Each structure stands twice: as structure tokens, then as C-alpha cells.
Amino acid sequence: MHFAFDDRTEELRARLLAFMDECVHPAERAFHEQAAQVRAAGGWGPPPLLEDLKAEARSRGLWNLFLPGERGAGLTNLQYAPLAEIMGGSPAIAPPATNCAAPDTGNMELLAEFGSERQRAEYLEPLLAGEIRSAFAMTEPEAASSDATNIATSITRDGDEYVVNGRKWYITGAMNPNCRVFVVMGKTDPDAPRHRQQSMVLVPRDTPGLTVRRGMTVFGYDDADHGGHAEVLFEDVRVPVGNLVGEEGGGFAIAQARLGPGRIHHCMRLVGMAERAVELTCRRVLSREAFGGPLARQGVIQDWIAESRVRIEQLRLLVLKTAWLMDTAGNRGAHTEIQAIKIAAPATVEWILDKAIQAHGAAGLSQDYPLAALWAGARALRFADGPDEVHKRSLARRELKRHMG
Amino acid sequence: MHFAFDDRTEELRARLLAFMDECVHPAERAFHEQAAQVRAAGGWGPPPLLEDLKAEARSRGLWNLFLPGERGAGLTNLQYAPLAEIMGGSPAIAPPATNCAAPDTGNMELLAEFGSERQRAEYLEPLLAGEIRSAFAMTEPEAASSDATNIATSITRDGDEYVVNGRKWYITGAMNPNCRVFVVMGKTDPDAPRHRQQSMVLVPRDTPGLTVRRGMTVFGYDDADHGGHAEVLFEDVRVPVGNLVGEEGGGFAIAQARLGPGRIHHCMRLVGMAERAVELTCRRVLSREAFGGPLARQGVIQDWIAESRVRIEQLRLLVLKTAWLMDTAGNRGAHTEIQAIKIAAPATVEWILDKAIQAHGAAGLSQDYPLAALWAGARALRFADGPDEVHKRSLARRELKRHMG
Amino acid sequence: MHFAFDDRTEELRARLLAFMDECVHPAERAFHEQAAQVRAAGGWGPPPLLEDLKAEARSRGLWNLFLPGERGAGLTNLQYAPLAEIMGGSPAIAPPATNCAAPDTGNMELLAEFGSERQRAEYLEPLLAGEIRSAFAMTEPEAASSDATNIATSITRDGDEYVVNGRKWYITGAMNPNCRVFVVMGKTDPDAPRHRQQSMVLVPRDTPGLTVRRGMTVFGYDDADHGGHAEVLFEDVRVPVGNLVGEEGGGFAIAQARLGPGRIHHCMRLVGMAERAVELTCRRVLSREAFGGPLARQGVIQDWIAESRVRIEQLRLLVLKTAWLMDTAGNRGAHTEIQAIKIAAPATVEWILDKAIQAHGAAGLSQDYPLAALWAGARALRFADGPDEVHKRSLARRELKRHMG
Amino acid sequence: MHFAFDDRTEELRARLLAFMDECVHPAERAFHEQAAQVRAAGGWGPPPLLEDLKAEARSRGLWNLFLPGERGAGLTNLQYAPLAEIMGGSPAIAPPATNCAAPDTGNMELLAEFGSERQRAEYLEPLLAGEIRSAFAMTEPEAASSDATNIATSITRDGDEYVVNGRKWYITGAMNPNCRVFVVMGKTDPDAPRHRQQSMVLVPRDTPGLTVRRGMTVFGYDDADHGGHAEVLFEDVRVPVGNLVGEEGGGFAIAQARLGPGRIHHCMRLVGMAERAVELTCRRVLSREAFGGPLARQGVIQDWIAESRVRIEQLRLLVLKTAWLMDTAGNRGAHTEIQAIKIAAPATVEWILDKAIQAHGAAGLSQDYPLAALWAGARALRFADGPDEVHKRSLARRELKRHMG
């Protein structure tokens, strides 16, 4: 057991930290101003300057870091995790700038692993090149997202085509017109065994019958700069059978395979958000006076800072261990830990962000600091792939099983 | 000691509940749709249908209920509190519909108590009639709002005029063009004793030098329908000396007088928000299925509901007792209790709303339910008139003083 | 609605406060020293000086205050509650000194309401006179105490006798040899409807087959001075049929009737314990120095004091309202509130005591301050008549029912 | 970075686990029964069967595992930590059985590192052999234990002797007559710089003027079986100058050196206690029925189990990382982490134990399960070497310093 990063990780961390300091953080204000202009004009999508950052990141060798194998940077989960943490310090900019943004990351992994040659040529290549975006259409308004057997969207074979009917919502990125393809989860066989009913098909954005209806909000945020979170209708949407990803009935298994790395990424970005929050808080309370001294002297604020540090250190280690387990024992071997970080990370980081907001006063609620938006993001993750409560129930049952006769 | 409302209160409660059921709740969807249209067109202010609701409320004798004395409904704090709770069930609509919305309520009380005859004629009358709106400009970006001695805005006498210079933000309602007058707090004498430095002046919206710069957001919400929360610049703004409210150096005392009732109102509306959240949660979990049964059967959700009920009951009683104390012992006699409800109410109701959101899944985050917006409102109140921590410190010092030699 | 105590209550509060100041608090140290001597000699029971305090209390008209009707002080629940709070400031001494200690209080109410003439003569009279003590034998090691249908103790009619068999534990007071009678709950008819299976019989201490086996501890406390918490065996214990309390099958109903007032008493004593904790904390932190100033200046400690005050004020009001509801609407009308205080009071006061302990350093854990013992008492009450979770579940179900079609 | 134990650790873990399963757990009931008999006879010290366990442990090569270097097992902190965790599963028996119990562990390290040849011969050798016990006398009733500059005990040179005067309390182990020597911290030079005023001397138990006055309790527990927690008086206690440990003025530095490993040990044992609690809880709720099914089906209980698992996993990793840092970067390099685990471990494990107690009902409070006693131990550790709040303050200041200009 030891706790130091390997050389490759350290080298990439240094390179990425330099990119953050030299390019990302200095661009934050302009990014949000441009984004606001785009939005005021009715647009949904990133501000123009993102393209410059992408070019810069690529030239620095900071591109597709998330992707294992030859198509990407070829990192292990344990090597990528600390990079995702660093990106989490500016989560609206760094991930898309390095082509490491959800949901494209998961979609690229999925296409790399399960996509046909044609699917890879048509969608994976431009995604890898950062030319298009994609969406993952699973969540439905009428079904608990944690219970895949509840999915109501149907995918029915009709000759050489699949016909898709259903309503999805909170489909991240889908408001962005450059989001060219939807990976859609639906049921091909409602009578099959519980986890063999679902399949995934690729639906190009311009397919007749597909309507991107409206952007859902998360608290008051529409997250327009990364394509929002859309309600999407599928009404007799027809795609060729060749758009099936993997095999019929394989949808659930593919979704599970997609989850593990996704959670590591989310959780490590959350750790990075927490670090950013602590940093902003320290600076604020050192510079701000009240009642005759800097806020940093207040015992309650010191208590928040210490608790934040203590919680971050524990959380980070568990995420890293989970990454290591995935690398060494596979997703199944890391099942408990993956669930544990899914439970721990959003709640922990939400708490830290709340304290950071409190330390900032009204400014913490506002658009002038990233804290409230980060908070909303962390809070929303308490629902990702099902609410905390479902994950806790499942984890508890596994724990109980260990102690049964 | 007894715990039943008096007859007048019961009669008004029944009347107000009928108005909520017959007029307010049925109008909620249309209200938010109209508000979204106004906003999309770049506007800041209420949707047109609010005027109909105002007319209806007035015809039902539900108007200016908050205002003691002959100008208003003449209710005690204890009589008004349960009405404010009911309004809290639809806090974006019911208060303005009954002309009981902050910050006008506090401003009307202030003008009724401290305003000159001319000030009352010019501003109080149209406010009482619901014809114009007003703002209360105290909070500054560079000063802890809890520490009035930090206020940087200057109000300097120059002949027959006061000259105002300063920057304010989170000035609620100020983006609404019908917000015709600003009650501005600033320093007239920085060398006076600590609580005699401040004064208040009335500044009409169209005074040269006054710039309403931008709407601040609260967790992504701009609250456009009630006039937003503006950043406002005062650059050599000149008003006649007759615009002084009360006397020079009296600003701090007036602000304090304004606080007590305001907190009762806020806190009782929060109680009403919490009741709404519990009601929505119960309906949701009774109708929603997961894992083979209604969510209502889940132990964790039952735990939330029970905890919510237990906390609401305690909180409501403390707010009501505080109202009673203010009526019988005055604001000073209720000092500890006023501070206690300021600490307890936002935190308690924030917790309840968080659980309600969690029970709703992603819908709870969205614009389709009021929960996320209510949460942001409750969270923001943890800063109102200073963060919780300042109030706790002050309350603790009073407690400690009781035990000193 | 108003929040002042009536004259009788104020008069009794003053008298009781004087007794606390003049007699109880000054005797605390000697009480615990004597109790330790008794215990070291292997005894279980109160220290001798308690008799003096009882005589004094009686002479001051502070006797049987808990008991409504002519046999006792004739107070309403709302009148008695603030007196119970005061007693809670010294909960090992004040209740027995005034003959207001559990479980005798509940047993006396039970005998006064349901006892036969002979039962009242034999047991109620000496209990009212403070000459003997009694126990209430309901809880069993093998049954969730919250689920009366699980009770395993059998009470079988055999001619003119009932035969009792079973094992009970945590029978408070039973180690005290002066505890002369046990009110025993068992099943007379396991085939009857769920709430008609149970009956109660009186079992004198010296009945053959009754074995008081050992004192159970609560954390490390054996509570010897109030007779401990015994494990008690009933092996073919025979009592005459005249020892039945009320009617066969009436045990559950009698137990329920006993609960309401008992909870008010417990909860108000808890409020008094919390007040004591705050008082001790304030004195401690004002007098204790660390890092160059009194602890009272530490922000975190001020935060605890303020939170404690805010929570106590809310809790007390809910207990008082519950008492008022019981007086005006009966136990059934106060069902929700009785359950709410059962949930709220132990948890709230446990939190306050924990912070008081923390403010005292190691002394807070020790026998030199009452805090750790009070904490253990509050913690144990989270199980009284069933754990919190059962009460929450029941309360939630009632809340949900209100929202069903 | 990787997360597997090395071979030596795995081998020792297996050996220790076998010892726990074959010897320690089977002896638990008898241990506590014997201990109760010893105590009832007025004794303070371990039950006789401990000697058998010590012999057995020694024969299995499980002896002095904590001690680095040739005198002990020569393990690194990272190697010993997982062994300490295992011992924590039975913390009253396993540590003394393997001669790895505090405070002897710290005292042996101290003597090994700073002791003179004579001191090592006289005290270290018999301690290593498990023949005698020792105490560490630092904490004083009148000084915040976290603030060494407040220590009131004086150590004054008088010719060839030091004269010790002062009062200590919560001196663990000191009630045991076989505790032969006290390591006493006092001030030799109150005028020296703040951290050079203190020295340590060895005081044999039978030195005139040393009075072991009484056992202090921790939530009612006197912990007699490991020698209790004594109040100790030093009145003109004279020891030869050769009893000085290290140099005059070196007391603070020695105490600091003693702290690091001690905290690792405490924290890892706490992790083991938490694992034990989860195990007992799972077994209990699987076997216990209420309301028509095993408790294990209750959602709230599943929530506790899941939360416990999630917190344990995070906590353990931070303790292990701290051990690794101490091994690789020294105590100073691990300063933040040592403080972080001191803050995190007792609070986390206290929470887990509280839930385990709640899941056990009244049994959880009793002497029939170890949970309440473990809880009291964890709670007490929130004060060890100063309360949490002092550690948080210090940690926060270091965090703030990183962000200063």
C-alpha cells in the first residue's frame, strides 16, 4: 500500500495544472459573459471562446484523457482520477476544453466498446475530434430513474427499422444544436427477463419525430452553455436496425458498464469543486472584515474550513481506491466502493459548498461567484442514476448478505 | 396560556384559505407561464394576471392585512402571523395579490410611523392602494450586511439637498419599473456614535444619478416576477432635505423598528412553505411507485415526513409566541425570540424543502414544481439582515450575560 | 392564544423554585455521596437524606403535584408541565422528594383510575404517602417494546388465581427493596383481537416465583439511587384474581391511558435538564480560560449556546401545547402532538447535553458534574415505549392518511 | 498508488484474526464476569484470565506489535495500523493480551527513544515483558489539556532530586496496583519560552507524597479492568534527578513525539470498533422481528448500515494514509493528517455506535452488549489531547496560511 501518484500521473497533473492556471481560470469571466450573451440571444450552447481553449488543450496533449486504449490517452482509472479532480476546479470549462465532458465521455466509451464499425466512423470519430456533441437519453419523467425496469420508452422492430416512442427528460446537452446524436435507452422486449428487456439505439438529431421540447432547470439554472437538460419527445421515430448498439436486450448491461467510470469522473470532479470552494473561502475570509477583524478569525468559520479539509481528504482517498479497484478487480469487484462514492461525494461536497456560500454572504448566492452553481450541480448529482436512498438500500443489502447464515 | 386562535383570526383564516383555494392555487400555472413570457421579452415585473388577483383580494377584504392601525387591517402581530403562514403556501402570488409583499410591507410601516405628511401622501397612499412598488436599499456588496456601522454609502447634506453616493445590491423589487421609490440607508455622520451615524432618505426612481444596473441571481433564479434583486448605483444623487425619513442619525433605529414585524412575516411564510412542501411530498409518494409499491411505504421517506411535521409544529409555536411577545412586551421585550426565529426558521424549512425535493426526484429540481425555487428563497433568508452566525453570536452573548456575576 | 402561565401555576412555580434553591440544589453533593456509600455497601435505593427532603417538600405543599383530582394537587397537565420542567433541573432528587417520580406517578394514576377499592387501599394510599415504591413491568428482552402484541409473558387464570410466567427487564425501581408492588403486563388471551389480548395484574414483591435478578445498566450507570433497572423473572407466580387491574383484555388500553401524561412529564423534565445544561455551560465557559481568554469568547461555543436556546424554546412550547391539547381535547385529540414530543424531546436534549459536556472537557464525562448522567438518561428515553423510529413511522402514516383520496 | 497490504501485514493479520476468533472473542463473556467479580470485591485491575491470553498471544508471536525497532515487532506504522484495527474489535482484551495497550505503548516508545539506560532497565524491560503497567500523568483538572502552557504541576530541582507538586486526573490505568510507574509532565521552568517550560520525570508508584485518590468515571464506567482513570495527587513527591526523561525543558517535544503513533493506534482501534458495531447490528436486525418482518427490512436501518459502511471506508483510508505519511515524511510531514484523523475518527465512530445501539433497542444500552461501553470510549476520545474544537482551529489556521499573500 502506498499513496503517491505514479510518474505519468504527476507529469499530466503538472501539465493540466499549468493549462488551468494559464488558460482556463483567466478565461472564466469572459466565458460566462459570452455565455450570457449567447443565452440572451436565445441560444443554447457554449460561448465561442471554447473553441480556442480546445485547440490549446489539444496542442498541449490534454485531449481525450478519460479514454483508455489507443484511441484516447490510455490512462487507467487511477491515473485519470486526479486529472478529473483538477478539471473539477472549473467544471463548466475544463472538461469540454479537454474533450472530457459528460455525457460525451460515457458515449465515446460506449461506442468504442460496443459500437459497430459504421457507428464508430459516423459518431465516435467526430466526437473524439471534438467536432460534435452527443446525448444519453435514459431518464424519464414518469419512471424512477433508478429502476430500469420501469422505463416506458419502447423500441419496436419493424422490418429493417426500429421505431422509438417515448418521453425523456433531463437529457443533458440536448438543447445544443451541435448535439448530433442521441443514445436512446428503451424496451425492445417487455416480456424478457428483467435485465434483458432493454436495448440502446442511436438516433440522429434530425430524425423525424424527435422533438427537443424545452430546457429543464436545476434550481434556477438552465445550464445553457453546455447544452442544457432537455425534455425530448420520440414519436414514431424510425432508425435503421444498424443503429442498435450491441445486441438486443443488452441495454441494461451496457448502461451498467457505462456507469462505473462515469461515477469516478463525477466524484473526482466533485472533489475538485470542493477544493475550489475551500480555496475561495480561505481567500474571502482572509480579506473580509467584520466586527473588528478578518472573518478568518471567527471560530465558526475555522470550524467549517477544518471540517471541509477533513471530509475532502477522506472522500478523495475512497474515490482513488475505487478507481484502483476498478483497474485491478473490474467494475464488479468495485461494486460496493462505486456505490459508496456515489453516496458520499455529492452529499459531502454539497455540505462544503453550503459552508463556502455562507462564508461569502449574499455574494455566494450570486452569479459573481461559482459557488451557487456548483452547489446546484452537486445537489443534482444526489439524483444521478437514482437517488441516494436507492443506492444506500442496495449497499445495505449487500452488507447484510455478508452476515447471513 | 392557551393555544387557540381568536375569532377574528379564525374568520380571516377561513376567508384567506378560500381565496387561496378558489383564486391563487388555480392561477399558479398561468402565473408562471405569463411570467416566463414577460421575462423572455426582457421584462422585469409581475405577469398581467396579478392585477385581477389584486382586485379580487381587495373585494374580499383581504388587503393590507399586515398593517396595524386604521390605515390597514388593524391586526396584531399574533393575528396576522397565521395569515402570513397561509400566504406562504404560494409565496410568489398570495403576498402581492393581497398587498402584503415585502419589501413594500416594511416600507409602508416605516412611512406610516416615521414618514412626513408629504411623504405619506406621495408614497404611502399609492403603496397602500397597490398602485406602485418600492425598494429598501440597505445591503452593500462591500459590507457585511449585519454590521450597519460598515455601510459605505454616504448621504451628505448640501444646502437644501442630500447627496447620495454608494453602491447597493440585492435590492429586492428594484428591477421592476413600477418600483417608484427607494428607501436608502447611508451615513450622514461617520463621526457620530456608532448607531447615530445612519439616516434614511427617499429617492424616487427617476432621480438623476440613480442607475439600476443588473439583476442579481439567487441559485440561478432572477425572481423577475417580483422585480428581481438589483445592483443599484447612486452617483451624486440629489434629493430635497424633505426626503429624509425621521431625523438625521435615526436610520439605525428605524431599521431596527422595521425588522421585528418583517421577521415574523418571513418566518410565518416559511412555515407555510414547509406545509406546502409536506403536502406535495405526501401526494407524490402516495402516487409514485418504485420497487413494487408506493414510495410512501419507504421507511426513509416516512422518517422525513415525521421529522418535517415535528419540526414545523415546534417552529410555528415559537413564531407565534414571538408575535404575541411583540404585541405584549414590544420589540425589545421580544428581542431574544425574534432572533431565535430568524435563526430557526430558514434552516428548518430549508431542511424540509430539501427532503421534499429528494422525494420528488429530478422533478423536484425543476420548474415543474415550486420546491427548488422555495428552497432557494429559504436558503437566501439565512443571510437576511446578516448571516445566521451573527445572530447566533448575539443571542449567545445575551444568554451568557444572564449568568455573569 | 396567549403564552403566559395562569396564577396558580405561577404561584406553584415560585414555591417549587424556592424549594429547589433552598433545599434540593444545596443537597446534591451530599445526596450523591450518600448514594455512593449505599451502593458501595451493596445497597440499591435512595440515600437516607431523601426522607428529610420529602418531609420538607410535603410541609411546603409540594406533594403529589402530578396527580389530578382530589387525591393529588388537582392540576391540569398544562399547570403541572412547568413544574415538571423545574424538577428536571435535578431529576434524581426533585421528583422523588415531591413524590412525583416515575414510575410511581404512572402507577398511582393507573390505580386511581382503574384500581379496585382494595387495590387503592393496599397500594395507592401508601404510594400517595410516599411510604412505598412500585414498578411497572412491561418491557421484555425478547420483544420490541413498541409492539405490545409481541409480549411473551403469560397471565393464565387458574381457579381464583392468575399464574404469571415471563421475563421482564429494564424494570425501573425494582432493585429497591422498598419497591413493594409490580404492575405486570402480560397476555391473558393470545387468541383475542390484537389489542384485547393483554391484561395487567398487581404482583407483590414477596410473591413466590418472583425473582429480581440483576440491575441492568444504562451506559455505565446502574441508577441504584432510584432502584435501578432490574431484570425480573416470573416463574409460576400466583396472585388472587382480585389483583387484576381493570378488566381482562384491558391491559393495552390502560397502558395507553398511562402513556400520555407520562410523556408530558418526561419531556418537561428533559426541558429542565436542558436548561440546567445551558446554565452550567454558561458558568463554565465564563470562568474557564484557554488560549488567552475565557472559553465564552470562542465562536463555536457561542454557536452551541445559541442553538441550545433556540431549540429549547421551540421544544418547550410544543410540550406545553400538547399538555393543553390533552386537557382540552383528550389524549386522542393530542395523539400527533404526544408522539411529536416523544420524538423531539430526547433527541433535542441529548444534543444540548452533548454540547454542554464538550464545553466542560473531561469534567463533563465525570461524576463531578451531572451532565454525563443526564445525557445517559436522555439517550435512554429515545427507546422509551419504543424507539424513535417506530413513533416516526406511526406519525408519518397519520400524516399521509390526511392526503389520501 | 496502490491499496493492497504487503505480505508481512497480510501474514500478521491472518495470525491475529485467528487469535481473535480462537481466543479473544470466546473469552469475552468470562472476561467481563471475572472483571465484575474483581470490581465487586473492591479491586481495580484485569481479571485473572488475562494472563492466560497474554501467554497465548506471546506464544503465537503476537507481542509488542506496536513497537518499531528491534525491541518490538519492528513494524512500520502502515503495517501496524491494520493490526490495531483488528484489536479494536475487542478493545478491552486484545490490546492488553498482546501487550499493545495504551498508555503503556506510548510509554514504552518514550522510554525506548528518550529513556536512560537505567530507566530502560528498570521500567522498559518489565513493561516489554508485560510484567508491570504504567501511567502517563499529563491531564489536570484545572487546565485545558490541549494547552500545555497551562500545566500547573511543578517539578522543582532541589539538590539531587526533583520535587513534584500538582494534581492530575483521568490518569488511565493508575488505579491498578500493578501500575508501577508514572510518567509525569510538569513545569521545571515557568519563565522559559512557551514550549521549553515542561519536563517529564518518572515517579514510582510507592513514592511518598503520591496519592491515587479515586477513579473518575466516563459516562458511568469506571473502566476498572484496565486500571480506571485516576485522580492523582503529588505532594512534595521527591525523585532522584536521574528520573528525568530526556532533558530539562524537553517535555513538550517528547509529548508531541508520543502523540503521532498514539493517534494512529486509537484511530485504527476505533475503525475496528465500528466494524464490530456494524457486524453486531447486521446480525441483530437479521434475527429480530418487529411488525411482521425482520428489522433488516426497515429502510431506516438499511440507511444506517449503508452510511456506516460509507463512513468507515473513508475513515480507514485516511488513517492508513496518515500512517504511510508518518513512515515516509515523518510526524511533521503528517501533521495535518494526524490532526484530521483525530477529528474524524471519534466523531464518525460515535455516530456509527449510536446507530448500532439504536438498532439493538434497550439491549444496546446494557452490559449484555459491548456497544454502550464502546460508545463511551469513542465519546471520551473527542477530548483526548484536547477537544475536537482545538484541533479544528489549529488545522484551519494551517489551511488559511496556505492562502495568505
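The letters A, B, C and D name the chains in turn, as written, and every chain counts its residues from 1.
The rule is simple: a residue touches a chain if its C-beta (ideal position, glycine included) is under 8 Å from a C-beta of that chain, and two chains touch if they have at least 3 such contacts.
If you want to know which protein each chain is, UniProt gives these names: A, B, C, D = Acyl-CoA dehydrogenase.
Since the structure is predicted, the reported quantities are computational estimates derived from the model, not experimental observations.
Matching residue numbers shows that A-D is the pair in B-D, A-B or A-D whose interface repeats B-C, with more than half of the contact pairs in common. Between A-C and C-D, more C-beta contact pairs join the chains of C-D.
Here the CA centre of subunit A (Acyl-CoA dehydrogenase) is 53 Å from the CA centre of subunit C (Acyl-CoA dehydrogenase). Centres computed as Cα averages put subunit A (Acyl-CoA dehydrogenase) at a distance of 43 Å from subunit D (Acyl-CoA dehydrogenase).
One inter-chain figure worth recording: subunit C (Acyl-CoA dehydrogenase) and subunit D (Acyl-CoA dehydrogenase) are separated by 37 Å, centre to centre, where each centre is the mean of the chain's CA atoms. Shared interface positions of subunit D (Acyl-CoA dehydrogenase), defined as residues touching 2 or more other chains, are 298-303, 389.
Residue ranges on subunit D (Acyl-CoA dehydrogenase) touching subunit A (Acyl-CoA dehydrogenase), taken from their complex, read 1-6, 78, 278-279, 282-283, 285-286, 296, 299, 301-303, 305-307, 309-310, 313-315, 317-318, 320-321, 324-325, 328, 336-337, 340, 343-344, 389, 391-393, 395-397, 399-400, 402-404.
Subunit B (Acyl-CoA dehydrogenase) makes touch with subunit A (Acyl-CoA dehydrogenase) in their complex at residues 139, 141, 144-147, 150, 169-170, 216-222, 288-291, 298, 300-301, 358, 361-363, 365-368, 372-373, 375-376, 379-380, 382-383, 387-390, 392.
Every residue of subunit B (Acyl-CoA dehydrogenase) that touches subunit D (Acyl-CoA dehydrogenase) in the complex is listed here, in rising order: 298-303.
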